[in-house]
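As written, the chain order gives the labels A, B, C, D, E and F, with residue 1 at the start of each chain.
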Amino acid sequence: MGGNGKEKNHAAELSNHFSHLKIADAIENYEDSKYVIFGVPFDNTSSYRRGSRLAPNSIRIAYDNLESFEPNYGIDLTQCKISDLGDLSVYEDVSYVLSEVEDVTRIIFNDRKIPVMIGGEHSITVGALRNLKDVSMVIIDAHSDFRDSYFDNKYNHACVTRRALEILGPNKIISVGTRSTSLEEITSPDYKKVRFITANEVRESGISNVISEIKNSISDSVYFSIDMDGIDPAYAPGVGTPEPYGLSSVDVRSILTSISDKIIGFDINEMTPLYDNGNTSMLAAKLIQDFIASREKAILNKNIK
Amino acid sequence: MGGNGKEKNHAAELSNHFSHLKIADAIENYEDSKYVIFGVPFDNTSSYRRGSRLAPNSIRIAYDNLESFEPNYGIDLTQCKISDLGDLSVYEDVSYVLSEVEDVTRIIFNDRKIPVMIGGEHSITVGALRNLKDVSMVIIDAHSDFRDSYFDNKYNHACVTRRALEILGPNKIISVGTRSTSLEEITSPDYKKVRFITANEVRESGISNVISEIKNSISDSVYFSIDMDGIDPAYAPGVGTPEPYGLSSVDVRSILTSISDKIIGFDINEMTPLYDNGNTSMLAAKLIQDFIASREKAILNKNIK
Amino acid sequence: MGGNGKEKNHAAELSNHFSHLKIADAIENYEDSKYVIFGVPFDNTSSYRRGSRLAPNSIRIAYDNLESFEPNYGIDLTQCKISDLGDLSVYEDVSYVLSEVEDVTRIIFNDRKIPVMIGGEHSITVGALRNLKDVSMVIIDAHSDFRDSYFDNKYNHACVTRRALEILGPNKIISVGTRSTSLEEITSPDYKKVRFITANEVRESGISNVISEIKNSISDSVYFSIDMDGIDPAYAPGVGTPEPYGLSSVDVRSILTSISDKIIGFDINEMTPLYDNGNTSMLAAKLIQDFIASREKAILNKNIK
Amino acid sequence: MGGNGKEKNHAAELSNHFSHLKIADAIENYEDSKYVIFGVPFDNTSSYRRGSRLAPNSIRIAYDNLESFEPNYGIDLTQCKISDLGDLSVYEDVSYVLSEVEDVTRIIFNDRKIPVMIGGEHSITVGALRNLKDVSMVIIDAHSDFRDSYFDNKYNHACVTRRALEILGPNKIISVGTRSTSLEEITSPDYKKVRFITANEVRESGISNVISEIKNSISDSVYFSIDMDGIDPAYAPGVGTPEPYGLSSVDVRSILTSISDKIIGFDINEMTPLYDNGNTSMLAAKLIQDFIASREKAILNKNIK
Amino acid sequence: MGGNGKEKNHAAELSNHFSHLKIADAIENYEDSKYVIFGVPFDNTSSYRRGSRLAPNSIRIAYDNLESFEPNYGIDLTQCKISDLGDLSVYEDVSYVLSEVEDVTRIIFNDRKIPVMIGGEHSITVGALRNLKDVSMVIIDAHSDFRDSYFDNKYNHACVTRRALEILGPNKIISVGTRSTSLEEITSPDYKKVRFITANEVRESGISNVISEIKNSISDSVYFSIDMDGIDPAYAPGVGTPEPYGLSSVDVRSILTSISDKIIGFDINEMTPLYDNGNTSMLAAKLIQDFIASREKAILNKNIK
Amino acid sequence: MGGNGKEKNHAAELSNHFSHLKIADAIENYEDSKYVIFGVPFDNTSSYRRGSRLAPNSIRIAYDNLESFEPNYGIDLTQCKISDLGDLSVYEDVSYVLSEVEDVTRIIFNDRKIPVMIGGEHSITVGALRNLKDVSMVIIDAHSDFRDSYFDNKYNHACVTRRALEILGPNKIISVGTRSTSLEEITSPDYKKVRFITANEVRESGISNVISEIKNSISDSVYFSIDMDGIDPAYAPGVGTPEPYGLSSVDVRSILTSISDKIIGFDINEMTPLYDNGNTSMLAAKLIQDFIASREKAILNKNIK
């Protein structure tokens, strides 16, 4: 039994009949795509409720039930040039995973495509940021994630914003939805270098004032990172570290879609199907659609290709 | 062993000790009832998350925990002349089921009673509509349900509003909560013949403006159909096709109770206990109570019997 | 709106379209039936894992998936003259419920029919026994149920066998599968008046010796009561009081079917869908089928009607 | 083997290595504590969805994931002098349990400490109230709990507010979130002696008006009782008796924290992990933190110790 | 943005970092593989408990936890030349799916490789069989699957064995574990053309006699089809149509591994993760390993490559 | 508020009303006890299905439902002098936890008491073994746990038997139920220094021969460690790493109780309530009872105190 030409034809012929699980609207190859989706099934630094390693496929399965047409923007997602690379090969070590994410997103950024990374836990965001400078960052998160290290690990998912600050510098990061932090974090002199808009502040100021503030302070290139626990557990029950009194799903969508034309990288993370009723996977899937559809619409409106 | 008179007395005597599962306030016989509840345990055209065939009994069990007294309206539901016929005998074929629903609701409408149909999937609504003309229809739904056919089936649950339009004609149908539709549907020339009030529009206009619009456009006879997925998954997690960014449970109640005096037929559908924590069954049970109590109160206020 | 003749015809006409949830093979009326199934949705004396009140409908729903034909006996269950009365109307008080069960089963016994009672908790058995004398009783149970009273209640489900002994007298009761009892029970002078065949003894003697012993000691009329926790939790996970090291499902079937020709009353109880994966409901449903099919076959073989 | 001195040293030495499950911030002994947490794992008068007996430990496990620092108030909970006594030893009889609660809270009140009682079912509140007079009471609840007795039991959880009225007298009790009551209750002449602020009224008046009313009517000492079903099932799915159309979690927090400086006793009850996705336990845990942190902050602001 | 050479290198470079979900030991390409695994995520003719469409990925995820080394046979699965093609692209129509399965397995059979098909429902087996003649077939199944058609569909999963008989002819098929059939099936004149070894017969004869009978009657080429419901629900709770009194997992393994050297095609189906605790996925994964490891060992022993 | 004498009396008085969750029969203080139960809520080296950190309390809650009287041995467990210390205080680092277990069990062994340790994961066993020499060890496990290190950690739960061999030396350890190992492990020259009795071997030899072999090879002092995954997933579904084809629960009980008179230390581990239906907790609770009751009975028989 060998690998002669005839058999290779069979492999090719067979591949027409098969598909790997991917985001339903990701009908393009990498080369022809603008949005490059991939999963990072890693949850090794999480301690409370694990399972975010199972999220990428759970979100792909949920996405399958969404219409390709997004009526708010009049956008057909199958026209949006989306590819889905599958899941990054990961191992136990967070440093290795971050380095893999860094390598992969470097290629994608260099090709002027937009990475759409599905976690896994929040720690993975740092790998993508390492390729960036002079960009703003918007984070949705219940937690400040501002520890210098956690369990002796600087790359624990509780340290993401701190690592981001080191990479991007002061006054570049806005984190929305904060309602959990530690004394150690809040009293850090660096804490003020990030703008934490608490969930209470969103409720008090109103979402449109929050969006105005964000719009006024970001630069033209934004990395957007959604930790699903930023959203209230009523809307996103299946997360690793639920915190009451969160943002509404609609407010998170508003923030995302109001600045999507500036977004050059995107991730969504910390969802765990082990504690979900299916609706958190669905919301994560929809947020990916909202991001791409709103961005395409904004670009159409600007007559920019 | 036979069927002599003595034994028949025994059957009658026994029946005093037994009850079939029914809506707790449904203490009337059909003849003496005004509201005629029945279940349609059918979910055969559903593909994503099945299980709505199990909803009627799940809702009956949940209803059992509600008080018979509805304090918002000061109405005692046991005085409302409600009967519960049990579940329609259904088979695999949707056409057969629609024809059964048509036959049964024809009798109920002819007797000037109000059918309260518990699905099962949304497709069943079409059977009831076939008996009606010159009525308005109000639908709560996340989906436009406006496909001409789906999987080669014109009676799939994705085609309900389209079928309704064919029966009732243009400018008769208002569907509230829309946030999922396809390009094929939205570009259909018939799409404008239905008023789709999107969930976004409800949030932007406010529920009282939406209710005003509905009140201004409906006729004196309204068929009201609640696809539970119109409500946000936070409030109604156990549905077949969850869609984020939905209506609040309170807003749906407001729409329903503000026009209940004009409602001549009612259904509630697409709930599935397989994905529920029990609270969707409870909300469906309560919406049935809200409908009947608010309608009875409105009628009392009008001094109409 | 009234109750005139025309409307009554409508009620009758409607009833052709509807069915209440019942055991699928229960196609007879009470008068024409030989086996009279009914549920007793009562679990009020249970303290550990409640929910057996939900079992009757759960078992009916599972039964729906069984074939009507039982191949081990070549019996078509739809020919077995089975009726299903629905669920007994129960209230919180166990004494009331027992008295209802007593009244209902008295009628059934008097009509020379066989009650097939679906619990609900084990306590309900006592109501049926009150109508019987000079009968043997076979119980499947992990527990001796031999307390004189429990939580000040002589009718708690922990006292069933003790109450049965008081009704039927010594050397009439065999309880198979025992593996949990208290010092108070085992040292009671009455304990020896019941033959407790422990689960260990079944494993050591072998099921055929156990069946021989049972056959040798019972009289021609047997009441058979299955507490589902007699079966090992591997086969029957959804029970109120699981006990490891139980009987196999096949052994319980063997005991039941080997003496079914003598059984004049039957119940199955203590199943709770709240802790089930669906398979305990299915096993309970199948045991009902096994009982009726094996009994009918045995009667056919004896040329007895 | 004996109890000599040497061994006792071992017991003491061992105890340094062990901890019993308790609220993570409860690092004080009873004597040195101001807030005295304890569980009452009792759910025996509950009939619909049991399981609140499992809530105290479920809430302790959830609490473990909260930060000790509460950023809204800038309070470190480990500085708040909290002890956790474990769970009250309970038996089946509600009268016994109430008497135990009464004894325990008498000691705590006499020591001028604040009991923080974790149910279990709502009935337990009555035990604490028996030690109080001339205090106001604020209740969060979906139900009026105003039956005189239920299932022949005056201490059923459906009678809590009625019992409270008998103890505290008229115009002392405000119950917020009401949306379920019976005709018997609402027509009782005593019903007006309690101020029931319905969930509808909260939505219509706005939460700040509600809080103003509460502040204006309470005395300087308030007992605060949270029946978790007062909160909407979207935020608190795991409760024994869910009722749609409830209060938001944020509104309940606002009421609680706005008057926490006057609270001299607190309980939280009716949560059941059997129907939870983990988020109801977390919300209950957080409400305990909100209570203590906001109270400590208010006291700091008043320069009162 | 285009598709120039440089970008294509990037796509290739990226692909080194990614993998699609596949059976962990499937480290070969199609050309170099001997065992060709693929999923068929189709469950459209199933009516009772759907969800087998989700089984292929659930089994792949479970497989990930198995050691690559199979100690019973001393075989390292990574040396067994296994490929995993992913999941067949399926649509709603069973005829289309069967035709796809037929096309794909024809190529695999022609390349003298062994298809290892993961369902989805049992109906898919028929597609593979269409390529075969002069082979024996061994089926593990609780059901005779011998209806001529079901719900007007000859390719329903209840008709698999009947269709197989039409393809393979009489005395070629052995189905083990039968315990559910209908009168219509068992009285069909064709029923005797298949050897149904009931689960009872397995228990009575003993598994080694059953294996001897199978070995004596099969030809040198065998197609092996495992409907997971053949196994008792204690071992395989997560199936679409559970039937009590089934085969033990060990007996099914014994049958499979005793003849694996003759197996030229294999499938495993009817597992549904929606009703599973994870252990049915794991058992299905292990049976795939058992098949391949035992077959490789048998071939090694025969000095056949 | 201080710590004066009067208040201390209150603390003591209060403690009479409270209990911490413990094994129901553990009514003794440490000093007066012979069996010292404690939990080790640690699962940090587990990667597949976490949650064994939640097992100690889950097992305590299940135990609550067992009778104190064990009828197989005629032993009243409340007479067996059992204490429950609660849960060891653990942190993230496995080395720290092992050192804590070592310290605690050293004290217990020195006091000639028997530690009964409830995991948590299997890794914890090593801490207890460090205090022992010249003892035999019997392990129940599906896995050989014989890796030298895993994820760079010599104390991972996959290395337990290897570490045990280093401590106890060759020919001292018997591990029963093996069915998963790696090539690296089985080819290690040290593998033969442990007697691995595979699950297949148990089925082929019969449990009594296995027990004879064990009795013949052990010394007078035995440490017994039960990894719950040694038992088949049918009986123990809630484990971290399920493996099909395991031991029956009855066989594991037989092994344990046949040598319990020689056991000087005992642990039970790897149970996880997150994947359980409640029955694995119950089986673990019962195995603790079986151990103590059978050991006490054996000692009684020997007239040894």
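Assume contacts are C-beta pairs under 8 Å (C-beta built on N, C-alpha and C of every residue); 3 or more make two chains touch, one makes a residue touch a chain.
What you see is a predicted model, and the numbers here were worked out from it, not measured in a lab.
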item	value
Smallest number of contact steps required from chain A to reach chain F	1
Contact-richer chain pair [B-E vs C-F]	C-F
Chain centre separation in whole Å, for chain E relative to chain C (CA means)	38
Distance from chain F to chain D - Cα centre to Cα centre, in angstrom	38
Geometric centre distance via CA averages, chain D-chain C, whole Å	43
Touching two or more other chains - residues of chain E	232, 234, 277
Interchain contacts (touch definition) - all pairs	A-B, A-D, A-E, A-F, B-C, B-D, B-E, C-D, C-E, C-F, D-F, E-F
Touching residues on chain C, where the partner in the complex is chain E	65-69, 71-72, 76, 232, 234-235, 249-250, 253, 277-279, 282-283, 286
List of chain C residues in touch with chain B within their complex	1-3, 7-8, 10-11, 13-15, 17-21, 29-32, 34, 38, 54, 57, 61, 85-89, 100, 103-104, 107-108, 110-113
Contact footprint of chain D on chain A as seen in their complex	48-49, 178-183, 186, 198, 200, 203, 232-234, 237-238, 241-245, 275-277
Residue numbers on chain C that touch chain D, as the complex places them	44, 47, 50, 92, 151, 274
